[in-house]
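Shared chain: subunit A. Partners: subunit B in the first complex, subunit C in the second.
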Partner chain A sequence: MRHNGPFAKIFSVVFAAFMLAPLVVVIGVSFTPEGFLEFPPSAISLRWFRAILDNPDFIEAAWISLKLGVASATVSSVLAVPAALAIGRGRFAGRDALQALFLSPLTVPTVVLGIAFLRFLTVFGANGTFAGLMFCHAIIIMPFILRLVLASVTGLDRSTEQAAVSLGASDWTVFRRVTLPAILPGVIGGWVLAFITSFDELTVTVFIVSPTTTTLPVRLFSHITQTTDPLVASISTVAILFTVGLMFLVDRIYGLDRLLIGEGSR
Partner chain B sequence: MPFLELSGLTKRFGDVTAVDDFSLAVEKGEFVSLLGPSGCGKTTTLQMIAGFEQPSSGHITLNGRRLDEVPARQRGLGIVFQTYALFPHMTVEENVAFGLEMRGIGRQDRKRKVAAALDLVHLSNLSARYPRAMSGGQRQRVALARALVIEPELLLLDEPLSNLDAKLREEMQLELRRIQQEAGVTTLLVTHDQNEAMALSDRVAVMHHGRLMQEETPFHVYENPKSSFISTFLGKTNSLAATVVKTDEAGSVLACNGMELKGPAAHHLPGPVTLSLRPERIEIVEENEAVLSGTVIERIFLGDQWLFRIETPLGPLLVVRRNRGLREPEHGEAVHLAWTPEHLRVLPAEEGAA
Partner chain C sequence: MKPGSRGRPWALSAPALLLFVVLLMVPLVMTFILSFHSFSFYGGIAPTFSLENYAEVLGDSYFYEIFGRTFAIALATTVICAVVGLPQAYFLSRMRPFWRSVMILVVLGPLLISVVVRTLGWAILLGNKGVINTALRDIGLITSPIRMMYTSGGIVLALVHVMVPFMILAIWAALQRQDPATEAAAESLGARPFTIFRRIVLPQAMPGVLSGSLIVFSLSASAFATPAILGGRRVKVVSTTVYDEFLNTLNWPLGAAIAILLLVSVLTIMLAWNKLVEKRFAGVFE
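Now for the complex of A and B:
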C-alpha cells in the first residue's frame, strides 16, 4: 500500500478539522451557564439541557422528526428494494432513465423541490398533513437507499437464487429466503442513512410543514431566527449524541464499513 | 429409449448461435461430460436443461417426459454450481434441508435424509457450520449433498472443481466419482478441463462452436479423435500439416515438410491432411532404428516424466518419456526418434492447426 504524501496528510487534517470544529463549538456552547452563545464556555453548566425539558414544543418536534424519519425511511425502503432489483438485473428499455428518475432528488435543487411539493400537496389537499410530509421525505431520501441496495444487488451471486429455484422454491420464497437476506445489509444501511437524512432535512420541509407537523430542524430554525440563546446548542448536542449512538449501534450490529461501502468483506 | 435425450437443441442470442442443433442421449446411471473450451455452448446447454434458459428450438426429454415444458422449479434436478451457490446465511444443515423443506417433507424425515446426505459426502460433523467458515472442498461437498438430498433423477455439475487448487481437485475427482456411483444418479458434467472429463466420465461429448464434435468413451476420444481440434484439446499432441501421397489397405505414404512418412491406411483421398502424433508415442532410439533425428531444444522435468521439445526436420516435436531414474538427453544433445506408423492419426486438414 502506498503511503500518503505530505499534501494528502495536510488535506486530511484540514478536512477533519472543518468537519469536526463546528461540532466541538456547538457542544462547547451548550455547556455554558450564560444566556448568550459563548465559546469557550466560562464554566460548565447543564442549565441549557434542563431548559430543553421546559420547552415541550421542542420535545414534541423531536418526536415528530423521529416518527417522520422512521416512517419515511421504511416506506422508501419498501419501494427501493423492488426498484433496485429491477434496475440492477433487469434488461429493459428505459432502465437508465428509471434509475436517473429515482436518483434525481439528489440533483434537483431542494428549494425547487420544496416549492413543487407545496404546490403538489395543496392540489391534493394534503398540505400540512403528516402523510403528505412523509411521502415527500420518502422521495427525497430514496436515492440514499437505492444506491446502497443497488450495490448489494449488483454484488449478488445469481446462481444462489438459481440453486433455490432448482430445489423447488417459488419466486416469492426465493425472494424471502435467499435474495432479501443477501441484500439485507444494504437495505439496513440505506435505511439508516435515509433516516438520518430525513431527521435533519430542513430546506424542503420548511415549505410543507404546518404548526402540528413542525419537525425539529424547522423548530430550531424558527427559534434562532427570533432569539439566540444556547438552547439550540444543547438540543443540537443531544441530536449529535443520538446520531453517534445510532452509528455506534449499527457498527456493532453490522459494521459501518460494510454498510457505507456496500459490499464489504466479512 | 434413452433416459435423458437432448434432440436438436438450439439456442440463439440475437445473431449468435450459442448451441447449434445439439443432440445427445444419456442412459440411466451414466456419467457424461460436456467438454469444450469456454464459449463453446456447454454452459448454455446446461442452463437449458436446468430451465434457466429457454431453447430456441429442439427439445429435452427426461425419463419419458418433456422437460423443456416444465418450469425450472418443478424439474427436480440436482444442480451443483461453479461458485457452489450455497445460501450464506444458512448453516450446512439448513442448506441441505432447503430442497426437502420446499417439498413439504416433515421434520423427522428431513433430519434423517439430511444426515444421510451429509454422511455420503463425509461432512456429518460440520452440520452446524456456516459456509463462510468452510474450505472450498468442504463447500463443494455441501453443494453436492444439497443437490443429492432431493434424490434427483438427474445431477447437473457445472465446472464443479474449477475453484479448487490442483491437489484438492484430484482428491475431489475420486470423491465425486465415488459419490456419484453410490448415489447411482445419472450425471451430466460441464467442464473445460479435459483431465476432469476423462477421469470422471463414462462418456465424453466434445463441443466446439455450439456443436457436438465427438461423443465416445474418454479412451476412444483420446485415441481416435475425429478432428485435429479434438486431438489438441484432449491431451497434448504434435499436429503436422501433411499430404497423402497414396493409400491402400497396407498403409499410406504421407508427405510432410519434405519427408516421406509411413502411416496407417487413410480414409482420406490423396490431398492435404493434419497428422496427430501423441508425445508419449514417440520413442528415443538408437540411430539405426530411427525414423528421424533431431536436437533437444528444451527439456522439462515433471517428476514422473520428462517433457522434451526436439527440433527435427518435421519441425519441433514434443516428446514425453516416463522417468525411469536414468540419465536423459540434455539440452543441445542429438537424439534419434522413432514411432510405429499405427500411432499416427490422419485427420482432416484444418486451417490454423497448431
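Now for the complex of A and C:
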C-alpha cells in the first residue's frame, strides 16, 4: 500500500497537536509556582500538588469515585455476562429488543437519564445514597461491557463446552471452567472501560449526588464553574496520569487497540 | 450449555432486565408524567395533568433560541468532525504500523480522559488571558484579546475535540472494509492521489461518515460539561437549561418538559437521518 505524502503528514501532526493541546496545557499549568494559571509555567514547582493534600474534599471525592467505579463496574459485569451469553448465542423472540434495551443508555441524552434517576431516587428517598449512584452507574456503563463481552461470546468455539457437557459437567462447572476463562479478556476489557466511564461520569452524576457522595468529576466541575486555579489543574494531572496508567495495564491484558476500536483489529 | 429450554435466555438476562426496567424504564416514564405536573414557588410540585409546561416552552422565543443554538452547535460540530475526521481516518489507514499505533493512541486516548479535564484545558487555552490570546499578543498579531470563552464558537471547538474520535472510529471501520486493490488499480491507471481519494476512497468511506455523524450529532446535542464550563450562564444550551431548572430554579416539571422535548427531537432527527441514509445508500451497507 502507498504511504502518506507530505500533506498527509503535516495534517496528521497538526491534528495530533490539536488533540493533545488541552491535555498539555492542563499538565503544564499544574507545575506553576504562581497563584494563577500561567502557561508555560515560569518555573517547575510541586506547590499545587502539595496543595491537593490540604484539600480533603477532593481526596474524599476521589475515593468515592474510585469505590463507585469498582462497585458499579463489578455489578454491571455480573449482570452483563449472563445477558451477553443469552444474546450472543442463538435467536429467540425478543432478542433484538433486549439488546436494544441494554444498549439504550447510549442513545438517550445523558441529561435526560440524570433527571429521570433524580426523580426516581427522590420519590423513593434514595437520592444521594451510594447504592443509588452505584445502580444508576451500572446502567450507564452496561452498554460498554455488553458490547465487549458479546464480541468475545460470538467468537467462541462451542465444542469445548459440548465436550464438557458430554463428560457430565454441570452448567455452573461448564461456565466456571470453560466459558468464563474463554471470554475473560473481553470481560476484563469491558470492566476497565466501564470503570473509566463511571470514574469520569459527570452529566448523570451531577443530578444524583449529595454532599457526602460527591464524586471527583462533580467536585472538579463545581470548582471550575466558580474559579479556575492551578489546584484543579494539578488534580486533573493526577487524574490524567491515573488514566494513562490504566491504559497501559489494559494494553497488557486486552490490547488497547482492541478495546478502543473493537474486535476488528485483532 | 445444554440446548433446549426456551426460557433460558430470559433467565440469564433476567437480573439485568430487572435493573433496566426498575431503574431505567420506570424513571423515564415518571419523568414523562412529571412534565405534565405544575409548579409554584410556594406550593412546589402539584400532581396535576396539563400541557402548560409544553405550552410555556413552545410559546416562548427564549426557549426557541436555546433549542436553535443547541442544534446549530451540534450541526457545526458534526460538519467539522466529518471534514477533519475523514482525511485523518484515511491517512491513519495508510500509516506505517508504528506511527499508526502512536496516532491511534493520540486520537482515541483522550476518549478515556474525563471531559471535565479536557474542557478545563480548553478553558485555559481560550480565556481572554488564556494561552492562545497571550501568544497572539506576544507575537504582535492582536492588541485586544479575541473573545472565545462564553461563545458558541469556543463550545464548538471544544466539542470537536471531544467528538472527533467517534467520527474517526466510524470512518476507520468503513475504510477497513474496502479492498486496497481498488486504490492500487486506480493508481496504476494514472489517477492522481486526490482523484483516488475523491473517486475511490470517499464513496467507500461515506457509510462511516454518515453513521459517525449520527453519533456525533446526538452526543453534541445533549452534551453538558463542555457548554456548561465554556458557555456558563451566558451561552445556554438545552442541557444546561434543564440543569438550571432542576438544581437552581427547582421547577422540575418545566425542566422535565424541556428534557422530554430534547429526547424527542434528538430521536426524531436520528430516525429521519437513518431513513435518509438507508434510502440513499442502500447498496453500500451490504
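We take it that the second predicted complex is superposed on the first by the 237 of 266 C-alpha atoms of A that agree within 3 Å, B and C clash if a C-alpha of one lies under 4 Å from a C-alpha of the other, contacts with A are read in each partner's own complex, and residues count from 1 in each chain.
We adopt the following convention: contacts are C-beta pairs under 8 Å (C-beta built on N, C-alpha and C of every residue); 3 or more make two chains touch, one makes a residue touch a chain.
Worth saying up front: this structure is predicted, and the values here are computed from it rather than measured.
Three-chain overlay on subunit A, with subunit B and subunit C fitting side by side and no clash. Using CA centres, the angle subtended at subunit A by subunit B and subunit C is 100 degrees, rounded to a multiple of 10. Measured by the number of subunit A residues touched, the leading partner among subunit B and subunit C is C. By the touch criterion stated above, A:Pro109 is placed in contact with subunit C alone, subunit B being left untouched. Once the two complexes are overlaid on the shared chain, A:Asp157 sits against subunit B while remaining clear of subunit C.
In the superposition on chain A, A:Val165 makes contact with both subunit B and subunit C. Contacts of A:Thr173 after superposition: subunit B is touched, whereas subunit C is not reached.
In the superposed pair of complexes, A:Ala182 makes contact with subunit B only, with no contact to subunit C. When the two structures are aligned on the shared chain, A:Asn55 is found in touch with neither subunit B nor subunit C. Shared-chain residue A:Phe18: touches subunit C; no touch with subunit B.
After superposing both complexes on chain A, the closest C-alpha pair between subunit B and subunit C lies 6 Å apart. Residues 165 of subunit A contact both subunit B in one complex and subunit C in the other. Note for the complex: subunit A touches subunit C at residues 1-5, 8, 11-12, 15-16, 18-26, 29, 37, 39, 78-80, 82-83, 85-87, 89-90, 92, 94-95, 98, 101-102, 104-105, 107-113, 115-120, 123, 135-136, 138-139, 142, 161, 165, 171, 174-175, 179, 196, 199-200, 202-203, 206-207, 217, 220-221, 224-225, 228, 232-233, 236, 239-240, 243-244, 246-247, 256-257, 260-262, 264. Against subunit A, the residues of subunit C that register as touching in their complex are 1-2, 6, 8-10, 12-13, 15-17, 19-20, 23-24, 26-28, 30-31, 34, 84, 87-88, 91-92, 94-96, 101, 103-125, 127, 131, 158, 161, 164, 169, 172-173, 176, 180, 183-184, 187, 193, 218, 221-222, 224-225, 228-229, 232, 238-239, 242-243, 246-247, 252, 255-256, 259-260, 262-263, 266-267, 270. Residue ranges on subunit A touching subunit B, taken from their complex, read 157, 159-160, 162-170, 173, 177-178, 181-182, 266.
The touching residues of subunit B, when paired with subunit A in their complex, are 50-52, 72-79, 81-83, 85-89, 98-99, 102-103, 132, 146-147, 150.
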